[in-house]
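First the structure, in the form of structure tokens, and then the observations on it.
Chain naming follows the written order as A, B, C and D, and within any one chain the residues start at number 1.
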Amino acid sequence: MPDYDKKLGAYLCSGCGIGDRLNVSQMETTAKRDGKAAIVKTHEFLCSKAGVEMIRKDIDAGDVNHVIIGACSHRSKVEAFRFDRAAISRANLREGCIWIRPYTDEAQQTTQEMGDDLIRMACAESRYINIPEPSGEQELNKTLLVVGGGMTGMTTALESAKAGYRVELVEKAAALGGWMAQLHKCIPHRMPYANPVATNIDATIAAVNAHANITLHLSASVAKTEGAPGRFKIEIATEYGTSTTVEVGAIVQASGYNMFDPNNVPAMNHAKSADIVTNMELEALAKAAGDGPIKRPSDGREVSSVIFVQNVGQASEAKGHLPYHSGIGDLIAIKQALYFKTQNRGCETTILFNHLRTPGAAGEDFYCSGQNYEVTFRKGIASEVFPGSSLEVQFRDMILDEDTSQTADLVVLDVGMVPNSGPDPYALPLVADKEKGAAPVFEVTLDSILNLEYRQGTDLPHLKHGFTDSHFICFPYETRRSGIYAAGPVRRPMDIHQAMEDATGAAMKAIQALENAGKGRSAHPRSGDLSYPLFRKEGCTRCKRCTVECPFAAIDEDEKGYPQFNESRCRRCGICMGACPVRVISFDNYSVDSIGQQIKNVDMPDEFDEKPRILVLACENDAYPALDMAAQNGIEYSPFARVIPVRCLGSVNTVWITDALNSGYDGIILMGCSKGDDYQCHFVKGSEMAYQRMSQIADTLQILSLDAERVVTYEVAITDIHRAPRLINAMAETIEKIGMSPFKF
Amino acid sequence: MTEVVATNHTILVVGAGISGITAAVEAAETGNNVVLVEKRPYLGGRVSQLYKYFPKLCFPSCGLEINQRRLSAQGGISILTMAEVTAVSGSEGNYSATVKISPRFVNENCTACGACGDVVEAEFDNEHNYGLNKRKGAYLPYNMAKPQRYVIDPRIIGTDDAEKAKAACKYAAIDLDMQEQTIEFKAGAIIWATGWQPYDANKIQPYGYDRYANVITSVEFERMMDKFGPTGGKILRPSDNAEAKDIAFIQCAGSRDRNHLKHCSRICCMATLKQSTYITEQYGVDDADAKGTIYYIDIRSIDRFEDFYRKVQNDPKISFIRSKVANIVQDKDQNPILNGVDTEGYHRYENRHDLVVLAIGMEPSVNKDSFPLEIVINEHGFIEADEANGGIFAAGCASDALDVNRAVQTATAAALRAVQVVNRVAGSEG
Amino acid sequence: MSLNNAMLEKYRNNFLQEVAGNVEQGDWVKMCMQCGVCAGSCPLGDAWEHSPQKIFMMIRANRREQVLSSDSMWMCTSCYHCVVRCPRGLPIPHIMHGLASYAKRLGLAPKSNPTLWFAEVFWNNMLKKGRVNELKLGLSLYFKDGFASGIKQAMAHQKLGINMLKAKRMAPMDMFAGHAIKDIFGLHKMIRKAQEIEAAKLEANSK
Amino acid sequence: MAKFEYSYYPGCSSQTGASSSNLMRSVDTMCEELDLKLNPIPDWNCCSASIGYGSGNVLPRLSLSARNIALSEQHNPNQDIVATCAACWLSTRETAERLHQDENMFKDVNTALAEARLTLTNKTPIRHMAEVLIEDVGYESLARGVKKPLQGIRIAGYVGCQTNRPFGIAGESFENPLYLDKLVESLGGDSVPTYEKKVQCCGGALAFSEPEKSQAMIHGIIEAAYDNGADMIVTPCPLCQTNVEIYQDVINAKFGSKFEMPVVYYSQLISVAYGRNSKDAALDGQLIRAKKLESFAG
């Protein structure tokens, strides 16, 4: 907590109609008298060079270190109002006031009250925040840990090394290469997409071995991971019982995948015949054959006909099957069919597909190439494979619309990828009393990959089907464990080309994480935030809510059960702050007081004034922008609303609600992002937490004998530009119905 | 006069769609200096024109809000809009880029108060809505436009409208004498993220997009769903503005076709599955007339997207026909009638629908013939990763037909490749 | 051994390769992706049993008999709708024609197919003088099912015939003279040579 | 010296006394007016049309067209071959292109041609008369020569199949070609660009062998012309003209329709618009009189 005396300067803008709609000099007085601003100035065009200059002068002169901007929204003119070495608070007089109110005489008074309150609130915030400074806890460690020596891991290592960073590469097996080393050839990912191409795995392995920045740990695994971005301590144990400890700044988990076991689909009779092989087993046969004819395992006879059965146990809800689709099986089948065709054009190769998944430019060209080699593609669903000297595949031909069968020397089963992830920490709900990673709901290896010494389990959380969590649209590298990134098929099924792309991206994120950890800057989404959770140990009751509810497992517990905050794991969402029943957690620029005081500083008209007050706590990421855009489009809402943006609804501490009710607010609305499987909360669990907590508010209301309708929580999307104002107005109507709060003093 | 501070440690990012923005923020948040160049007057590219993302059915503007905030939070990024890279010279670690900046006729003073828009009368096709409606000659491209500054359409320059707009502005933000300018600056590495454009549906003659009002493209359909879009969020037939309830989706419209784009555009299957959910969203589950029919060759629902495919398959309102539609005619009420054959068992159909949505193909916006520098571009128009490209790296749909997730993946990877170059430069300079 | 048996023997159960090697443009069949646009585009679609796309699938599924004895190919009217729409650019009418004439050569084509019969009449009519004699062509068609029905047919189309005569679009004298080319000898030699070359090729293929 | 000169391939049906002799007559008139000189290919033979495959197979069929091209190269050197019949144009052009793609086939064809003491170099462009009108003459100059604008005649342009696919005319759409409409407009007539059956097949090759199927299609073609308020149909194709015109009685009998829709050639429209009489325009060759057109021809 930096100590310096705060010098508040409030700068009001009279532009954009603010001056016409509001009595600015009155707001100046408000800022001085109620807001306790030492300096109060008004400019007719505050975001202009001149206006900004006016502010900067005062800062440079040392007259002001806490700036209150009374102008447009927090989201507007951000670049103009960015001052280093000063705390910034904003009173949203434009989008938050005049734009959502009619320009009429009747409306004038309530609009003015709104404006004055916004000034009071911004000043209150300013009084209760501090200029954040790095804790000094952070370290810059330019080494990455890469777990997994397959193509993904090796690519991560090489790309990071190329960027000038050191890498500790840990591989379970005695040699590098992973599955890639077992392949005969690869699917082409460069024009022309016509023939299988060499894996060049040896070259890659050689490059890894040769690179000065890369340290190899073979036959090794991660026995323990402690610390946080910038200061991870990794214990690497080898099969031979030796172990070393390395310190790294960030981690990339490239633990890859396992092949689905075809025996989960008995009708394929994989176990009943040596000539019924999986696609991965065929790679071995092809490798053994070199560029000569591929031989049957059973009798060593040259294969003259082969059938590829696609989607074995994939995209199926049947028990023991994979509910998802690996997506690359058809490309692999074409590649493997070409193993035969390029070697013996006369070899009959049939691919029984359902939906031929050969997407993109590469995919479609490769499909054509397969056809060009006279690979027969039949849209057919195989029901059973009969073992024998000549194998028979029974299937339904979807085009000829008939049940039929075909014989072949060899049958290749397209089996999918199963992610090789560690146990999901959240397979069972976490409870406050300590419990290590529970049994995952999906059948993946139970061995931990990372052995994190974290309060919330040993490994990266899963999203679905055993794949590690990721906001898999806008921010694919989000993992809920800061500074630890998953790459390759452990994250989602993918081919080698995509995995290498993914590896390079993950390396970028890991490098970014360690660089920012070194500067004490927060990672996405509050990129660059220098604040961090501060904690008053004396007050702590060791309830452990914070350690359990942090979506990013940033908080551990010491032996006495007190929370241990790890600054560089923290995303600054404030969910711990919202969780804390005794309010001992805060941030320099965001705290129970910095919001609580805004709530309290709203001027509360007495009961008979017929002027209710509605507190709106809106997520700054979605709900608040929605209200902004409503204003932009001239959509009005109740003048009695007082909107406060919060970092995440999860950061809302129930004390704000009770305080608000006690101080006479008539209604409270919480607006957060949608929760559940398709959550849109940028802190993953925030809005869900808020819902849980608010469900308990009902009791409080009862104690205060207040109607439940006075406090409501909504999921509001950024596109709810019409809806968000409607929700506020609905509350205003409710209050008209049920009457004003009795708690006005 | 726009100026850019750049050295050969600078990373130039061309195109500010989801890929360009991602590449820029990832590089900048790692402490690099970035120049982000965008042709449009605003950032966000195609995703800013999408209603929802598959498979979460969440809103692109949600992620865009975060990314735009990340851009503003970074000191190290300079953004040029209405700007195009016209020439690039030099080599890896030492490029010099020439950028042409078209006049916006509105300067930084703009507070987006909207006064100019109110007074201007001239209207033009709204590009953001693919011309489905009009916008003023002085306009804010859309709600979340960044920079949040108005644009004066060059076509009103010299008219009274222009003068009216100027007069209406209290902040001297409108500068009608603004000229096109060309600037040149250095860069160590270049990320090419110019994205894609919808294939020209007029060329798909059998489907009569050029002749039948009620045949639209998938990108237009996205705009219809936007509450601030051309139809205020309603699915309306262009011919008579009646609610369209029986909707056909035609897959591979311009993709997987030697007569058009040879490649598979990858996203269309999922995009259509997503759009099929709009029908229930709009009309509810109980409206028996509301239904969708998907005409497809293969549904390429890769990996986890399979869950989503299954979800749609279980929706009684949606049916699937395995068929490339042969052609479309329209009846007297301008209802499109689709002719073709269901290839699963060979059943001929002649199906009438209210509206046809063409799942339009994805064409790379890489100018194959006049790329500013010698670089490897494949026959489909995508930039290939190649040593010969030196310090120029493709991101997103300039490299392949990709969905948002994979575009972001490649963009993040491209960012590292660029960082490698500038770090090498820094290293060599000691 | 009959050509058919020879081919059967040579290609065993790989009809796709047989088609690729012996049918006009048959090498394209493998490139079909079963989208069905040809089937949907064919004006005679509901008249025939198997659509082109389905025939291509049958070829790959080794339905040799079924394909070659089908009358579907004989229904192609050469409207070329399928060609211009086919996403893979298959020359579908030529493949259809090729399959038809290949079937005819192997003696597997449907015996009583009217188009097959008309094709023969037309070819012979055309070849006789080097140019088509429409009058004879028309008449021979009427009499295709014997004299009696021929008269009936002729009567039915009497009005049409008379109209055509009136319009000078039919010439009675053609019954005896009709248009002819001068070098009919050369033309016949040329055709014979062409037929020889083709037969020899097919023969060689069947070995 | 004529403005343009071509090597002309009239085709069997255009000969005197043949089913589309009226086409040839009107084409001669049209070319007179437009100053186009047509030099018939001496001793040309039948192309065997699109039915030739049945007995002709590939090589003999191609040889037929090859012979015509060879003759043209020999007697009308450096002249584009121009055909007025869709089938003739198609077979000839297809042959030329096939022999460009397939060298062995080209050799074999020449071996066969040698029997008729001919050789083929295959360098000659094969064009349709419609291309000549659009690309060489052009709509504007065509319009300039009009003496009797066809005002008030509503003419549906029926393009049919083989004039349109697979090669197309002047790069126009296969699905919605508009050149006949532009032609009609240049002649002062009213076009029907929305005529949706303009590329519908008339059953062409199957008219004889599968009459029911063919006539059902023709019925649709004529009905659509009536629905679009057309006074007559114009077509560039002799087979289309014959099929659509001459079976209307039969179709009326079968479908209970009352069709009496004139079907004319573009060459007849041009001849009339350029002031020539009914005879020159071969209007006397109609089975269903094009009265409105005659009224202009006087």
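Assume contacts are C-beta pairs under 8 Å (C-beta built on N, C-alpha and C of every residue); 3 or more make two chains touch, one makes a residue touch a chain.
Here the structure is a predicted model, which is why all the values come from computation and not from measurement.
Considering every other chain in turn, the ones in contact with both chain B and chain D prove to be C. Of the two chain pairs shown, B-C and A-B, the one joined by more C-beta contacts is A-B. Remark: the per-chain Cα centre closest to the mean position of all protein Cα atoms belongs to B. Our note on geometry: chain B versus chain C, Cα centroid distance of 50 Å, whole angstroms. With centres taken as mean Cα positions, chain D sits 23 Å from chain C. Averaging Cα coordinates per chain places chain A and chain D 67 Å apart. For chain B, residues that reach two or more other chains under the stated contact definition are 206, 256, 322, 327, 343, 346. Counting partner chains per residue, chain C shows two or more touched chains at residues 33-34, 54, 81, 84-85, 88.
Shared interface positions of chain D, i.e. residues touching 2 or more other chains, are given as 174.
All chain pairs that count as touching, in label order, are A-B, A-C, B-C, B-D, C-D. Residues of chain B that touch chain D in their complex: 205-206, 208, 210-211, 327, 329.
Interface of chain D with chain B (complex): residues 173-176, 196. The touching residues of chain C, counted against chain D in their complex, run 24, 43-44, 47, 74-75, 77-81, 83-85, 93, 97-98, 100-101, 104-105, 114-120, 122-124, 126, 130-132, 134, 141, 159-160, 163-164, 167-171, 173-174, 179, 181-183, 186-187, 189-195, 197-198.
Across the complex, chain A meets chain B through its residues 15-17, 45, 47-48, 72, 75-79, 82, 159, 162-164, 190-191, 315, 317, 323-327, 355-365, 379, 398-399, 401, 464-465, 467, 472-477, 492-494, 498, 501-502, 504-509, 511-512, 515-516, 524-525, 527-528, 621-622, 625, 629, 632-633, 673-674, 678, 680, 682, 717-719, 721-722. Across the complex, chain C is touched by residues 346, 348, 367-368, 371-372, 374, 376-379, 397, 399-400, 404 of chain A.
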